[in-house]
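Following are the structures in question.
Heads up, the next two complexes both have chain A, just with different partners, chain B and then chain C.
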Partner chain A sequence: MSDEPATAAETGEETPADVPGVFTLYGNELKTLIATAIVLALFPFVFARMPVVSDVLQGYQSLTTLILIWGIFALGFDLLLGYTGLLSFGHAAFWGSAAYGAGVFSQHVTGSPVLMVVAGTLVAVLLAWVLGFLSLRRGGIYFAILTLAFAQMLFYMASSPLAFITDGENGFTGVETAELFGMIPLEEDLPSILGELLGTTLYAFVAVLTLLCIALAYRILQSPYGMVFRAIRENEQRAKFVGLNVWRYKLMSFVLSGLFAGIAGSLFTIHGSYVPLSSLYWTESGEVVIMTVLGGTGSLFGPIIGAGLYLYVENIVSGFDTVGPFWHLILGLVFVITIWTFPRGIWGFFQDVRDYITGGDDQ
Partner chain B sequence: MSFHIEVITILLNGLQQGAIYVLLAVGLSIILGTLKFVNFAHGALYLIGTYAGLLLALDVNLTSGLLAEWGYGQLGLGLGYIPALFLVPVVVFVVGLAMERLVVEPFKNRPDTDQILVTFGLAIIVQELFRAMFGSGSLPFSQPTWAQGAPSVPFLSAIPISQWRYYVIGITAVLVLIVYLLVEYTDFGLVVRAGTRDPEMVELLGIRLSRPYLLVFGIGAALAGVAGVVGGPLNPVNPTIGNEILVPAFLTVVIGGVGSIAGAVLGGTLFGITQAILVSTYSAWAQVGLYAIAAIVLLLRPQGLLGEEEVAP
Partner chain C sequence: MSLLEVDSIDAYYGESHILRDLSLTVEEGEICALLGRNGAGKTTTLRSISGAKPPTVEEGTVQFKGDDITGMHADDVAMQGISLVPEERRVFANLTVAENLEIADVSRNASNTWRRRLTSTGQSMSTDQVYDDFPRLRERKTQIAGTLSGGEQQMLAIARALKQSTDLLLLDEPYEGLAPQIVDDVESAIERINDQGVTILLVEQNAAAAINIADRAYVVDQGATVFRGSADELRADEQTREQYLGV
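This part shows the complex of A and B:
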């Protein structure tokens, strides 16, 4: 990690000419994003249509979309857990409220997918602001329990007192998604080679948003702002002594992570055309925790890989005759073993392998 | 039913529900207060208590799950409820000791988040293990025949509450009192309290803290086991009950004040009675009310009702 971004910003305050513009690239940004775009473009083909590989994996198209959606969720969660060091057990609140927000918006206002995402995300961000404000009054374990409590409160609100909006136990079924930009149906395959590679328009839409989210997260983490998050994780007291307003940064980290959860939750509604009540339940928060930790906290791509692995086990391994019924148990075991012996997760493992091969001077 | 009987019924139901929370919260609270260990697997101990109680007390006929497939569909010792009440705490106490040595010890010096994560993972494993073994459906765990119906005591016989609920309240009161006396008035309790204040100094004085800690964890676990066996006959028994009760139990600890037994009792009773009142008036808000109380208490008094002002970490 270099100190350059920080010094650039410090001098930037004095001489505005040095402020990096929006289009100034940080570090390996371009390389990272192009590589990501290529992977996102090939993923559905390899997973669902490539002759031998997809047969072995038993992958299918709609799972690829779901993996990216949860990937966005886990990526945002990692911003909070992996970078700022705050463990929230209430992220289902943002995921679920965005899902409901997008669904209700599509029923009463418009079913434009873009606007649905905007509406859902707005709900999640506002909620994250309020809940963050309340939960961050206490740190450590209390923060985990407080977020859990508020999220559960929301779950029970949706289950009965607000049932006239949410349809309670049955889940919200009134989702009416329209065509993208008013003309492209989401569920149809893209034409010619694009259809072969990406599959449906929905996947393309989700993939573009995923890329944008990764770009945003990359920007945040490479910027001085992200540096402060890491400083808080490493030593909150010292960050305070340096003169940083720790509380404000924590709140912003929480809100940003709510933003990602909101985007993901809204996409989840578009993907499933249905919002189950369980999307607010605390086990959903637990799932994103597991995905993030399995994939590797404190990395950009780890959580997305974790989401992929989790959903793969949940949707495909669960269909195997022998181990299928025990998929949840297997995930629990893998999760505990990961925390116990390898807290840096799959991505950390990749890094170690790379460092072993290259001699470790890349860092 | 006259009005005052209705009120008393609600209060007693609330006390009984509160008693379950209290049993869980006292255990969680002393573990959190002395060992500084966050146990998200406390609900799993409750689950083990319930199933252990069921299998010890009754003959169970399993219809799904691996045990049934392997030909152990007829399970259970059928010892009756009284032996189960005494044996379950012992079983869960032993589970607790094992857990302290195998999980808590290695994670003592790891960050809080790792403790939460590993115990959360364990809770999932236990839940799924029970699901695999006993099936995910609800098992019948009826109240003992001698404890059904209102007690035949002059005044109480008019109140439509089964005797079992009185026993639950009574057992909780006795156990919590015992734990309180143990912590406040014995040498063991003195060591534990001193260890909570300043573990380094206590060890410098030549007192080994690892054994009292082990015992504290075991006692906390045993209380969760008791909660499981007395609460089992009052609710459906299935593998998710452990993780469902974990959240209210944790909230009880937090609103009562960590490490405070009196706080746990106050918090649990408050929760139980609020829930009972809301269930019989605005039932849609019953669960929300619980969390609303927790939120209000924590915003006004972050250290909990009876908690001491904590030193900033």
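This part shows the complex of A and C:
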């Protein structure tokens, strides 16, 4: 960000500054994405199949997919909480509505996984636009409570008035996911080495979308939007003095986080072939807050790591004979200790360690 | 027509009545000082002009270049060509020096729906020009602004205001908390940008320093103007200085 584009203002005209194309790479973008791709490619093998390591971790394939799905959700949530400084307590609305959207779409239109994601995400984005428009009228705690209230309204709507679509308390069971691109079954293992590394096609599909989401978030954060989001987080009024239309930027941040929640929610439906009513419940909103804060707000990868740790405790530690029954307590302790010792979350801890070793401050 | 005309405004913070029938005008190209004791209503006056809420202006009008801007949103006012450099923490402490300057470009270059209508006619400086004016900022452009010294932060805030295509710069206590040596630096920076055609309304408690560079001065007390005149007249008016400024 050190090279400032010369502004057109010198000549007094208003021409658009150098607009970088879609394929122009920013900063460490390529490096970051390649490293991410490698980690995504090795993750299922290490976690679910590698000798010794996977035995110790007791990992299994379908949890890796679930971790990435929640990771996308938390990543989008962090755009709003970590970068723009807005705490929403109703993001289950976007996760859940996308999940239902994708499910209902698969039953009535087509079960193509790609189109299911598009449909579910569209529902979430439109909803985020409306709820953001209404909730962002107030700031701070009032904003949090408004989002919570709207999400609970949706939960109620899905539980009875709209039960003819959603099946109410039973959850939506009519999900009919078809093969990817009409020919590759999602639940089957990939052939040969790919199968050994990635496992199922579903994982590969989710991993590709995760990589795209990370790339998109990286772009957003490197763009002027990212800078404005951080400025708003620091001081909304000062941002107004600079002439920025703060409200619009906040709405855009809200809609963008709804977009990520929508992608994640749609994938959740594909992953589970079922939409539980609880996907709209306020506890889901709480979980994504905890994952994001645990992993580290204001970072690209922290929330994904937070999602991983949360789900690991919820799904695997809870099965241990000894401490299993106390998994909620363990999760609480992990959260409290992390926040006490590393206010910037697990990712902040990683950064501190790296800075300590290298003495550098490079990303 | 004066550049800025504040015509007998009454401003309130909730129930409390802060400005009472306050009027002032700022002429194009001048440095105008707004002086007074702590709590006299100086900052409230600047906030009323710049559209910050609170306070609410319930009576009177604020006119800028002949347009009524009373009650306009702060971001709208900024796009008319009025920049406010607020007191105390004036920069985005978590952004780098370069980003603090760049953000002014973002608001200028944003498409019409993303920013308020840009009606300012003031010159907007390029980043290079700004760095030429404030060489120390160029040296520190990748540094996080919160780690700059107080004087450097003040320079950065002024530099950013200049990039916003400013006709009128509102400076709230620019010398507050600065060492005397640094006050001189800031003072010469203010005079330099004034020479480039930017009109300045300067609020200060440090009356002596402000009179030094001001063409004209207003003194406010209890939310009303009690003196208006040239800087020389204020220097000669011992009674006003003693009664309202304590110098």
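Here is the rule we use: the second predicted complex is superposed on the first by the 337 of 363 C-alpha atoms of A that agree within 3 Å, B and C clash if a C-alpha of one lies under 4 Å from a C-alpha of the other, contacts with A are read in each partner's own complex, and residues count from 1 in each chain.
By definition in this document, contacts are C-beta pairs under 8 Å (C-beta built on N, C-alpha and C of every residue); 3 or more make two chains touch, one makes a residue touch a chain.
These figures come from a predicted structure and were not determined experimentally.
Student: Just to be sure I read the superposition right, which of the two partners does A:Thr269 touch: chain B = first, chain C = second, or both, or neither?
Tutor: A:Thr269: touches no partner chain.
Student: According to the stated criteria, A:Gln351 is in contact with first (chain B), second (chain C), both, or neither; which is it?
Tutor: A:Gln351 contacts neither chain B nor chain C.
Student: A:Val246 in the overlay: touching chain B, chain C, both, or neither? Say first, second, both or neither.
Tutor: Only chain C is touched by A:Val246; chain B is not.
Student: Once the shared chain is lined up, is A:Arg230 touching chain B (first), chain C (second), both, or neither of them?
Tutor: Second partner only.
Student: According to the stated criteria, A:Ser106 is in contact with first (chain B), second (chain C), both, or neither; which is it?
Tutor: A:Ser106 contacts neither chain B nor chain C.
Student: Is the number of chain A residues in contact higher for chain B or for chain C?
Tutor: B
Student: A:Ser88 in the overlay: touching chain B, chain C, both, or neither? Say first, second, both or neither.
Tutor: A:Ser88 sits against neither chain B nor chain C.
Student: Touch check for A:Thr65: first (chain B), second (chain C), both, or neither?
Tutor: In the superposed model, A:Thr65 contacts neither chain B nor chain C.
Student: Can you list the chain A residues touching chain B in their complex?
Tutor: 81, 85, 87, 89, 134, 137-142, 144-146, 148-150, 152-153, 156-157, 159-161, 163, 282-283, 286, 289-290, 293, 325-326, 328-329, 331-333, 335-336, 339-340, 343
Student: Using the touch rule from the top, collect the residues of chain C that touch chain A in their complex.
Tutor: Chain C reaches chain A through residues 50-52, 73-75, 78-79, 83-84, 86, 89-90, 92-96, 98-99, 101-110, 113-116, 123-129, 141-142, 160, 164-165.
Student: So in the complex, the part of chain B that touches chain A is made up of which residues?
Tutor: Touch residues, chain B against chain A: 32, 38, 106, 112-114, 116-118, 120-122, 124-125, 128-129, 131-132, 243, 247, 250-251, 254, 283-285, 287-288, 291-292, 294-295, 298-299, 302, 313.
Student: What does chain A use to touch chain C in their complex?
Tutor: 1-2, 4, 6-7, 9-10, 12, 14, 16-17, 224, 227-228, 230-231, 233-235, 237-246, 248-249
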